[in-house]
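Chain nomenclature is as follows: A, B, C and D, assigned in order of appearance, with residue numbering initiated at 1 for each chain independently.
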Amino acid sequence: MVQFSDISSALETQVIELPSWAFGNSGTRFKVFGTPGTPRTIQEKIADAAQVNQYTGLSPKVALHIPWDKVDDYSALRDYAADLGMQLGTVNSNTFQDDVYKFGSLTHTDPKIRQKAIDHHFECIDIMHATGSQDLKIWLADGTNYPGQGDIRGRQDRLADSLASIYARIGDDQRLVLEYKFFEPAFYHTDVPDWGTSYAQVSALGERALVCLDTGHHAPGTNIEFIVAQLLRLGKLGSFDFNSRFYADDDLIVGAADPFQLFRILYEVIRGGGYGPESTVAFMLDQCHNVEDKIPGQMRSVLNVQEMTARALLVDPAAIKAAQDAGDVLGANGILMDAFYTDVRPALAEWRAGRGLPTDPMAAYAASGYQQKIAEDRVGGAQASWGA
Amino acid sequence: MVQFSDISSALETQVIELPSWAFGNSGTRFKVFGTPGTPRTIQEKIADAAQVNQYTGLSPKVALHIPWDKVDDYSALRDYAADLGMQLGTVNSNTFQDDVYKFGSLTHTDPKIRQKAIDHHFECIDIMHATGSQDLKIWLADGTNYPGQGDIRGRQDRLADSLASIYARIGDDQRLVLEYKFFEPAFYHTDVPDWGTSYAQVSALGERALVCLDTGHHAPGTNIEFIVAQLLRLGKLGSFDFNSRFYADDDLIVGAADPFQLFRILYEVIRGGGYGPESTVAFMLDQCHNVEDKIPGQMRSVLNVQEMTARALLVDPAAIKAAQDAGDVLGANGILMDAFYTDVRPALAEWRAGRGLPTDPMAAYAASGYQQKIAEDRVGGAQASWGA
Amino acid sequence: MVQFSDISSALETQVIELPSWAFGNSGTRFKVFGTPGTPRTIQEKIADAAQVNQYTGLSPKVALHIPWDKVDDYSALRDYAADLGMQLGTVNSNTFQDDVYKFGSLTHTDPKIRQKAIDHHFECIDIMHATGSQDLKIWLADGTNYPGQGDIRGRQDRLADSLASIYARIGDDQRLVLEYKFFEPAFYHTDVPDWGTSYAQVSALGERALVCLDTGHHAPGTNIEFIVAQLLRLGKLGSFDFNSRFYADDDLIVGAADPFQLFRILYEVIRGGGYGPESTVAFMLDQCHNVEDKIPGQMRSVLNVQEMTARALLVDPAAIKAAQDAGDVLGANGILMDAFYTDVRPALAEWRAGRGLPTDPMAAYAASGYQQKIAEDRVGGAQASWGA
Amino acid sequence: MVQFSDISSALETQVIELPSWAFGNSGTRFKVFGTPGTPRTIQEKIADAAQVNQYTGLSPKVALHIPWDKVDDYSALRDYAADLGMQLGTVNSNTFQDDVYKFGSLTHTDPKIRQKAIDHHFECIDIMHATGSQDLKIWLADGTNYPGQGDIRGRQDRLADSLASIYARIGDDQRLVLEYKFFEPAFYHTDVPDWGTSYAQVSALGERALVCLDTGHHAPGTNIEFIVAQLLRLGKLGSFDFNSRFYADDDLIVGAADPFQLFRILYEVIRGGGYGPESTVAFMLDQCHNVEDKIPGQMRSVLNVQEMTARALLVDPAAIKAAQDAGDVLGANGILMDAFYTDVRPALAEWRAGRGLPTDPMAAYAASGYQQKIAEDRVGGAQASWGA
């Protein structure tokens, strides 16, 4: 097996982008619980994100969600972030909370509503120019609840048209990433339900249109690492939305539900060239912290990704290839499992110490008093949530 | 095959209870769309429910949800309903929207919070006495999101204790029905995830504690009619929450996603003695009309149940038994399918005509102008939804 | 709604190909039950297939499976079939029963084994020339059982190479159709698990390479009609393998598990231009009759496809489009459901009578004495099954 | 966290029973691959099982499958096993491979076939007396493939009757354990599909009738550790059939697909009193080694169970309870994860060394030459598989 010392430099460049909305309240259709200290503004969200980065060194970027994070002056916001050691990252559009989108946005039968949705993306692109963001991420809630409600085929054609308009607008160093999702909020069909659809749509657009893989957006039993390998092979893996799930799109802390799956995903990322300075694959979280604390929840998440990346890097490519070629099923599997079962946490603690980071980021954050401080300071105002 | 004329009297006594909340707005964690005419009060919900009954003759009962439907004077509410030809039905408790229930209600580690949840059920029982309701329905959102978050076993024991307190309080002609649910809003474990758990819990309570089967609350691929048959066999099927789903607990119109499954469920209900005046099994809807009109949505639902009941009644018990005993797979299946494929809608239209009901209830309601009227009248106030 | 008289001519050209292996014994890993009268040879299989066609008029083609159906003289076999009113159809390759394929065939790391698998397909193409078959269908059992056992990415690349060799060999009027399957017999990953993979692979080959959609080969909850619509849109839907399932690849009679799903699939086929004389989409069954009689099982299957095609043709395109465009959810859904619930069986019986076919094909076959005759005649020899 | 030194004695008494059939060939309906050295007799299977025990010290028992492992003299077989340091364990009945059971065994409509199936279990009980086995394990393939094919309710009643006859015959120190299975080989319904059904059936029998939980026999997404906790709470968890799965009943090496799930299951076993000398819960494997070597496959399996047991024992009950009671979601989860992520393999190697076992059992076995020896010696005869 590869030794930790051999991989420690490969861990240097890892960046995991944080979603601004993970710092706000979230929940289910049944209830959204509020918590003391929850940010009221995008500035407070960025401040919280900066905490995650301060203790882990893994997350110098924060993704924005428009309109939830709209401000008057993005340049000022960029400076504000920079002062906290943070950059503004992916811009996420939102065409699912306006009443006119009840029956679709980029797929709507009404050209005026479609144009409104396209215009929203134009606005997002303008923001990207101001923030220096690379990726425009499109996740669509479009779909139908009942058979016959919509024309599945026609909606797909209109989606292609709408995406073409948006793609034509993005800058030369910007990218459009199209997320797919198996179901929810639509319950009969979603317009981009699987990687195949996203792949077919972005392939029709051009080189800078890519697929976004959200790890929670698949049918039960789906082999996600296969999709990772396939998209990397096809040159179309743009970015990850990391989270974990037991049932549906539960949006739990990445690695919490099935750490071995996260390991396998990262193994295929590395094996397929999706990791490291040469790769353009963007790593991002997309999670909800419905019942747990948000800042430590995000910290736990980026640490989980880092730990599994380290484990995946420990797999010896030559050794596993030899076992695979020899048809040594247990041997090849054993090489993978050895890496997975290796407890990299002590080595990572040391690695952090060598970089001026706390050995135990969770404990260091807990001891810092930040949580208590924001709970006391952030009184009044509306706590951020998905609606604002 | 049995003829429609043979079954038409068996259709007379069918009652499908309507949930008050189906007339309010509902949605997903992403968005709740409002619609003109949505009720603001329980009185307006009952008025809308009365419409469903007026045009279909199938739904003279409306279930209440506490605290959403709390009023000062339940006796007055009962009279109000009676004037509209309606009765007040099942009382549904709610221990999932108060902040103290974030980590559980009847299962909580804190005895004070548990008692608060028990007291809420006592209040529901008091209301049942005032409304003349038979069933106290308990659906719990209790569960955890992360492995280790809670003590699965201890929670089960506490649940048993809490239920025993509640059961001790219900009247001699009242019943406690315990609903189970596979997941949501909890994502790692729910405290009553399957019929086995509900069965084990209610069996420990006594005769008037029964299982509530919500057709949308199962794992993918679950054979629901088997559970129906089993619970009837065990004498523990208390009631149904009807709806349909493609993926999770989608709460779509019953019969919309898989009409053949609804037919099979009703076939087992009938075969097992769960249908007809002798049976105490309660039929209820539990649905959301996120994108479709609510009143016609409820009408479509009760008509679907009626149509599938009629089809299921057409199966000739002697003929199917003969084919089953002979090992005639295609023959036995064919007898079932013949009944399912029989278009009972014309006969049902006639049946309705003979009872002073419109032959086409959907069209009659649409023509009535009621929808336009409530859209115009119900201006101002807060539209009812799951929060109120 | 469209009337049956309007669609009766559209039903004329429907052809549903029968798989030769459906007439042999099949089962599970636990047991294969034999039945009296089961064919011993491909000739007897064709004779049985001809019975299905004789009584239904729907199935003049029978697909071959190589090597199960190998003969010395395919030209003689073609004549034999022609005498029974049958054509030889799709040729199905088999690279899953030879010991050398334990770790893969077209994806194997060993170039010699890969070549052997390629050569097998060359042999199939030669047979196609002799039989006049249009389609070479490739379903691969390739995959792995354990994480790490194989190199997912490398296998995909080798698959692409192997397919390119095979594609280069097919004739100008022949097609290669690549089937995908979610799992089984491989349990960790399959090399062509989903439509996206099949689509990506065949797109790299050329115009005459297409996707084969087996209705039983998807993850739980997958919206199959969406895939149908998408593949038709992309011009890559080559053929169907029809069957039905409750859980996995159960290979039950098509339409038996979820008739409404079959209806929705056929609706999208028709809506997307995949039905009728202009379309090149091939309809085929791929089923197992483990416990039911095989010939009536196949008859029931083709009749189910015909009945659901008729129902799907009854949907009025203009009416549903109007409702869809108006955002009339219940109206649009109602138009679809009206067609589904229409009992087309009496009209189809009449339709058959007008074409010299028995009004009740199942009863006519049962009365013919054929089943008894083959049970008596086919004594001795080895009953055909998946092994031979 | 608890230290390894604190738990090392608790590992002493762990016994994981091996299934005799795991040493024979197995496969899917598509193909069963043979391998050199595969046993031809039950004696050779026991010899192979003894190897697993020799290198791991974990598996001194081997379960029998009747009729696959029938011999004339069970007393001699017992002595043969004892000479190899092995005991004969659970007796597994088989009512799925005789032609008369095509439509059911203990549930069959024909009393003669039911009696034959009951008599088979009587024979198994007789064998248990001769072998000194404690458990009669019943797994039924009974079920139907098509709706209407059988009377679900009637079959359940007949099952209850048949089980009562069998239960009446078992000795005072013997137990009946009833396994449940979601699907396969039956595809529409199985007669014991879930723990609830098994629980209801065995509860009706008596104290020595218990549930057998096969970890691969659940619906997708099922929380298995919840069922473990519940059955322990109800006093009805009799035994485990360990294996793992990605999709269906894949029967892969336990822990291979989701090691974290295995950890959680064992955590609930321990927390609920199902582990240790006081507990009567039997641990058994039930696996197939379709493509990997069988003896090392079984070794890997028992080692996986041991490693996860050790990890689960490391969880500090007081610490996790404190965090749970405090509503500290991340803290409580973290305590569990710390134990899971702790690499117990070095400590276990030392533990083994202290007990005269090889530190690396897999390597020691590979170096022993046993595999080569049986490959050379076991020539001729029919390799054991599910059929014999």
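We take it that a contact is a pair of C-beta atoms (placed from the backbone, for glycine too) under 8 Å apart; a residue touches a chain by one contact, two chains touch by 3 or more.
Model, not experiment: these values are computed from the prediction.
Quick check on the contact graph: shortest path length from subunit B to subunit D, in steps?
So the least number of steps between the two chains is 1.
Counting C-beta pairs in contact, which chain pair has more, A-C or B-C?
Answer by contact count: A-C.
On a C-alpha centroid basis, what's the spacing between subunit C and subunit D, in Å?
Centre-to-centre distance between subunit C and subunit D: 38 Å.
Between subunit B and subunit C, what's the gap in Å when you average each chain's C-alpha atoms?
Inter-chain centre distance comes to 40 Å.
Going by the contact rule already set, what residues in subunit D reach two or more other chains?
Residues 102-103, 145-147, 149, 182-183, 188, 220-221, 223, 246-247, 256, 260, 291-292, 329-330, 333-334.
Enumerate the contact residues on subunit B facing subunit D in the complex.
Touch residues, subunit B against subunit D: 102-103, 109, 145-153, 156-157, 182-183, 188-189, 193-197, 199-200, 218-223, 225-227, 229-230, 232-234, 260, 264, 268, 271-272, 315, 320-321, 323-325, 327, 329-330, 332-337.
Applying the document's contact rule, which stretches of subunit D touch subunit C when the two form their complex?
Where subunit D meets subunit C, its residues are 26-31, 33-34, 96-97, 99, 102-103, 141, 145-147, 149, 182-185, 187-188, 220, 245-248, 250, 252-253, 256-257, 290-292, 386.
What part of subunit D is in contact with subunit A in the complex they form?
Those in contact with subunit A are residues 220-221, 223, 246-247, 256, 258-261, 291-293, 296-297, 300, 307, 329-330, 333-334, 340-343, 345, 362.
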